[in-house]
Structure formats: structure tokens, C-alpha cells
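Two complexes follow with chain A in common, the first pairing it with chain B and the second with chain C.
Coming up: the complex of A and B.
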């Protein structure tokens, strides 16, 4: 399984956490597509706590965290 | 200068704490904190720093008080509509605590003026509402080796990260690229509940007080994400980026 953790506005309509089977996705970009998230909606993509790019591979057991840009004050 | 009897009463609730005591209070009174943005985050941050007796508070904001601000910007009030935010704030803060010297900067920060502005201060609170300003402040603070605390909010959500030179990631380590301002979520369009910048602004004031008095653990390398709908406060460890264009080695 792959665990996807959403933060801030990315939680709206998606909840806090989702689980995917490793067969469903092979990279960060697949996860964004799977949840209808545009690339510009993601400010930080962490795979197992490390900064990653949408093209970086994902494997079984990985934890992916997605943060949107938040700029209000 | 020893604390007066009046000051001993005013600060009694924190003087009795071992983390503050007389030494910590004297540190606060001789400290200088710059708050950039006198809006939703800057309002509670400034009020709590003034109340705690931070001796010098610089406030930078180029805007005037607008009716749509008052839902969250609790430094200002209806009779201050149209007044420069920094002037409205200075009056409010000095009436809250005459120990505090407020220095207003009624201007927009630019690449040209920011370095001079931050130079005099011990700690900076980044309370702005634009990505452009957030990157400008980050890069200037990194260059000047100036610690600062970033805050941002939208709708029911808030976030924070504290930067201390050489100790952890900067804002650009966490958020490498500025988003397209057109496409990025905008609190003007998406909204914000006033109490949310209230929470985050208070926590920014707390980070400043902790830094100035050497108390506790700062949000250095620890990104705080707040969800006001569920009351989740989550801390995510964020590494420093060795290739960061602002603070990286290369």
C-alpha cells in the first residue's frame, strides 16, 4: 500500500489520508492525476519525508505528503 | 535598568515563571522584533508581543485600514478606517503597553529597502499576505543571517516555519518556487476565518518570545500545519535543501 497524506486546502473533498495499492501508481505525478490535483496546486511533495518531484518513482510502503501553497496573512 | 514596581505588576504572570523571571523580562524589554504585515497574522502577534513587554516593535505595512480587514485584523477598529495600518497599530499597542516603543514603516518592502529595514532587529515575524513578499523576506533574512518566523493562512488552515541561520531549512528550502500568483489559492477569493490567523499569529508571537528568552524548542526544521476544522496541529520534519538557492552551500 501507498499512503497519501493531504494537507490544508488539498484536504477539501479528499479527507486527510488515502491509501492506494502500489499497482495503481508508479510516480508522484500518478498520485496527483489519481486525485485530480494540478501540479501548481502542490507546493511540497514529500516521499517518505524527502522533497520529491512528480516524476520520482513510488514503491510499496511509501508515504507521500502533499502541501498546497498557502499565502494568506 | 531594574524593573519598576509598575513593571513588576504588569509582568507578574510571566515573572513568576522560571523560563522568564527578571532576566527574561529584561531581555524582552531590550529586544527588537520587526513584524512585517499588520493584518490578520500581524495583529495578534503585535498585541501579544506588546503585552509581553517586547521593548521595540517595528511594524511594516503599506496599507490603510479597510472595512473588509476588520473581520480578522483585530489591531484596528471601525474608527480607524482609512488610517495607515501602522499608525492605527502604533496607537493601539502604545496604549496597551507604554513600555513599548513602536516604529512604524508605512511602506511596501522592496529588494532595495528590506536589508536596511531588518538590520536593526533581533527577530522578524513574516506576517504578509503575498508570496512575493514571503520570498523577499526569506531571502533577505537568509542573507543577513536573521532569524524569522513564517506564517500563512487560508480558510480554516494555517502553517508556520521558523528559520534560524545554519540550524534548519529556510522558507525556500521548503517551498522552492513561488507559485503563479494568478493560480495560487488566494485568501481574498477563498476566504479565511479570522480566528485562524488569530491562532497562527499568536503562535508566531510565542516563537519570538521563545527565541528571545532562549526557551523551549522552536519550529526549526519542523513545519507546523494547522487544520482548524479538525483541530489537528501536525508537525512535519522538513530537511534543509543543500541545493537551496537562498541558504544552500552551492
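Coming up: the complex of A and C.
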């Protein structure tokens, strides 16, 4: 399974977490399409805590975290 | 007068009661901009570096920048500059609200407070008039209540800066508060105010805007351009208004850099419980904004039956995972107490976390805890010990209120103090994010995140996304961020504008307001000059090269859990690169560097 974690405004209508089977998606971009998220809505895409690009591959057991623009200090 | 300075400083000697207006030297102002830069230059020239910080010989400067009170974006900032009793080095604490703008509207670029009042006093400023008034009836009054009382006395249109009981008792973690929930929070500025028996400064001004801008039309154009960039930027246009700085809790936790239980861990599985998302869902009433700020990152929350200023990211983390706690109500309450007692909402919870580790390891005994054991995640301990640190009576409360270094040294284990230059480290694990460690180690005010916020490129991708785990090029990024931050702090704009604006925009604003003709490169060089004179102040104050260091835990104990498990800070690689980029040898500028920066007065010192 792949765990997808949504944060901030990306939770609206999607909840906090979703589980997908590894067969359904092969990269972060697939996840965005699966949840109807535009690429420009996502400022930070993490795979297992590391910054990644939509085309980077994902595999069974990965945790994908999606954030809109956030920051502060 | 013209060019965004009223060219007037008030020198107030509380020992003698003498209040003397002095002209601002415009050449010096241009060379150091104002705010943080000019304040440090004044302290350096007046020999404050070598004095006892809590003696009448220390000087306390409240200083605006040329942009403070202007129509430029987020321009309500002022700085408290003094010698820190916590670090023994330069203190330059920045705050927002409206107090700084009002001071400027009253026609003062800065106040230099000297000596110590024979009895508790406060300053009342109404345009040109400055009076020293009796504050004895306000002793022991909490910060927000005092704000109300002084407004009731002097009118709702005044703005109040004050200290709470912590500052009165010269607690080393005491903050200067203004406009109820804004704080010049760090380095113990409130203790210096308390040492001078100065309880508050009330400002009232007839002006509602600055009437001294050099080129009004050019500033209007520059403002328009900056506001457009900021409104189109996803973070300054929308993101910070929606969730505030609290949005960082989940991001920083997700990369495995959220220090937990005094940095014994770096990932907190329940962080969402005290995140910006949960804060918005459960408690947020509306976003809050400082003077002329389109960002509105502040949190106005419902707490019990009141509507108050809510916590920023730092106290959410520090009272949250760092204390092993995930109860958001407790964090809101502890943060409220910091505002009421006038405490540094980073230093206090970080010191409680250090005390909890000392308790965990058996160094602090249960019998010392006066019925409230310092157990991880104890809601009662978090709230009660914050109160005790804000108005200390017992030996342990006094020790804790002096910060984690003095606390941990007392128990023979300084290694559990997560601090640099005796100031507690903020909310980003430098083992997981290599660049921020350089800033922690080298910030002249002691560990700080807002003196070179490399989290922007290393985590949130602004202006570009860097690999947080590597050391390459981080020294250069740290230096550039530090220099630009020194410029922004000195101008009187908010650092958060820099999520959208860069050196060219700040240069346009500055030139339009002051009539200078700087290039962006020259403006960055001013920032470098400011950072270097701060370092020379520290050198004169007795700083040693070994003060540019990180706690052993960050260098030798790999992260124990989460996505960044196994990482350590590689400061031994980045620090020499940083010194080279700065033109420093053994932590201090060479004469050649000082000459290049026009700091001839520091050569040979």
C-alpha cells in the first residue's frame, strides 16, 4: 500500500490520509491526477520525508506527503 | 528633515531624569540604514559591549527603521537593541504590532534609555513631549491588563509597550511586549528594561502617516510593485493568512526535523494534534495583522471565554513535541501565560524541555518540583512551570527562568541545553537541515531562525528548492540570507515579506523613501556591514571562536527516529566555508574585511 497524506488546504474534500494500492500509481504525478490536484497547487511533495518531483517513482510502502505553499518562521 | 528619518533621537537618562533630544547623524543612518544596524552601531560606539547587562551602564535602544510607519508592505517593525543579559552579547529583538509605527509618527527615530530609575517608572510620549511618570501602582500587573489600564488613562489611541512580572524580576528569559501579544521576545530584553525600573512606554502621536518621504511618487510605485508581487505569491498572498506560521508543524515533522523531547527524537507521530490545521479547525477566530501588513500571519484565537493572540509555530513546537506534549489547549494556555508574564515563548518552553530531560535522567529530583513533577507531556507541568518562570520564587524556578544553559550547568550536564551562545535553539533540527545549523552557530544574537532563514530554500522551496541534507553551497546561502535579513530588520519591514521580495525590491523601497541611490549589491553590502559590526560588538563583549558552535547532541548523536534517522550536523564542514565566504579568520573579521566594509573604527579592536 501507499499512504498519501494531505495537508493544509489540500485536505478540503479529501480528508487527512488516503491509502492506495501500489498497482494504482507509479509516481507522485499519478497521485495528483488520482485526487484531481493541479500540479501548481502543490509546493512540496515528499516521498518518505524527502523532497521529490511528480515524475519520481513511488513504490509499495512509501508515504507521500502533499503540501500547498506553507512557511513562516 | 526628509528622507524617511525624523533625524531625532531621544536620550533618556532614568537615573537623572534628563531627557535630551539629539540629532540623528544622517550619514551614519544611511551607512547602517536604521533599526538593528544603526542601533548596534550606536551601542558599539558608546562602549556598551563591556558593561554589565543588568547595570545602569547598559543602554536600551528602541529603534525604528526608515520604512517603519511608511506605506510599504508590513512596515510596523521596530527593534530593541541592547547588551543581552542572557547571552552577554548583542541583543536585537524585533517586534511588530503598531507601537513602532506610532513612535515614528510621534517624530522619533529612536529612544536611547540609560541609567536606572530610582523608583518604578514609565515613559509617556506624546509627539515632542516625553515624560517620566510613576509606575508604582502598576507593579506586578500582567502585560495585557497593563495595556488596558494605560490605555484607559492615556486614551485608546495610544500604543503600549511594557514588561510583565518576569521583566520586573529581571528574569533572563523576559521579553518586551507591545500591543498585548507582540513581543521583542528573545535574549532577555525584558530583564534589561526591568533592571532600569522601566515598566512601560506609552506612545501617542498626532501624525497618522509619515510626512518625510524623499520621493513620494517613487515610493508609491515601488509599493505597488511589491504589493503585486506579494499578492501573487502563494505564501504571502494566501498561505500565511490561512494557517499562519503554524502551517510549518506538519511540514517540518514530515521531513523528520521536528525536535521532540528536548531533541532526543526528531519526529512526532501526533504532531497533527498541535498543527496549524488543527489550530484553525478548533480555535481560530480570524487572522491577525500588524501595521500595514497584507500578509496577516497572526492567529487570533478563542481561548476559554476570551479572544486573544494565539501561538506561532515556535511555541507550538516548543510547548508541543519538545515537551512531549500534543495537547493544543495546553499550548494555547502556556503561550498566553508567556504573553501575560512577558516571557520568551521559545526560550521558556525549551528550558522546560531541558528540565524534563534532567528529570527523566534523575538529575532533577521529584522533591525539588514543588508538587508538579517535570514529566514529559504533563499539561500541569507545562502550565505551572511557565507561571513559575514568569514570577520565580523557588530555587528551581529561578534557575529555570535563567535559561537552559544555567539550569543544565547547575546539574552538571550542560550537554542537555540545546542552545548556542546561551540562547535556546528554535524549531528546526539542524541535523536534518544542514544550512540552518550554520545560522544557529553564527547568529550574533545567539541561536536564532530569523537571522538567516535558510529553511526557505532548504524546506519550503523559496526561492528555489535545495537538498536539505547536503552541505554544498550552504555557507554562501547562509551568508546571503543573513546579510539580506540585516537589511530588512534595519529598514523596519517584516522579514516575511522576503518570501516574495528580494534585494532589488528592498533597494527600490529604500531609495524612494530615503533618497539614496544604492544598487542591490550595495544594499547587501550594508547588510554585511551590519552583521560584521554585530560580530565586533560580540568580540568586544568577550565572545570566543568556540562560541560559534552547536550542542554536542547535534554533532555526535544521530537522529533517532523518523525520516531523517541517522543524520548529524556537518558543521565542521560548513563553518570553515562560511568563514571564508565572510572574510573571517577564527570567527572574526580580518582588518581587510573591516576596511572593505567601511568599518575602520573596528580595525585593530
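The rule is short, and it goes like this: the second predicted complex is superposed on the first by the 69 of 73 C-alpha atoms of A that agree within 3 Å, B and C clash if a C-alpha of one lies under 4 Å from a C-alpha of the other, contacts with A are read in each partner's own complex, and residues count from 1 in each chain.
The working rule: a residue touches a chain if its C-beta (ideal position, glycine included) is under 8 Å from a C-beta of that chain, and two chains touch if they have at least 3 such contacts.
Since we're looking at a predicted model, the values are computed, not measured.
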{"item": "Which superposed partner A:8 touches (first chain B, second chain C, both, neither)", "value": "both"}
{"item": "Which superposed partner A:43 touches (first chain B, second chain C, both, neither)", "value": "both"}
{"item": "Touched partner set for A:55, first chain B, second chain C, both or neither", "value": "neither"}
{"item": "Partner chain in contact with A:72 - chain B first, chain C second, else both or neither", "value": "both"}
{"item": "Partner chain in contact with A:16 - chain B first, chain C second, else both or neither", "value": "both"}
{"item": "Shared contact residues on chain A - chain B and chain C", "value": "7-9, 11, 16, 43-44, 46, 49-51, 65, 67-73"}
{"item": "Footprint of chain B on chain A - complex, ascending", "value": "7-9, 11-12, 16, 40-41, 43-44, 46, 49-51, 65, 67-73"}
{"item": "Sites on chain C touched by chain A in the complex", "value": "233-235, 238-240, 242-248, 250-251, 254-256, 272, 276-277, 297, 312-314, 449-450, 453, 455-456, 459-462, 465, 467-469, 495-496, 499, 562-564"}
{"item": "Partner chain C, residues of chain A touching it in the complex", "value": "5, 7-9, 11, 16, 43-44, 46, 48-51, 65, 67-73"}
{"item": "Residue ranges of chain B in contact with chain A within the complex", "value": "37, 39-42, 127-131, 134, 151-155, 157-159, 174-176, 179-180, 183-187, 190, 192, 197, 225, 227, 230, 232, 234, 236-239, 241"}
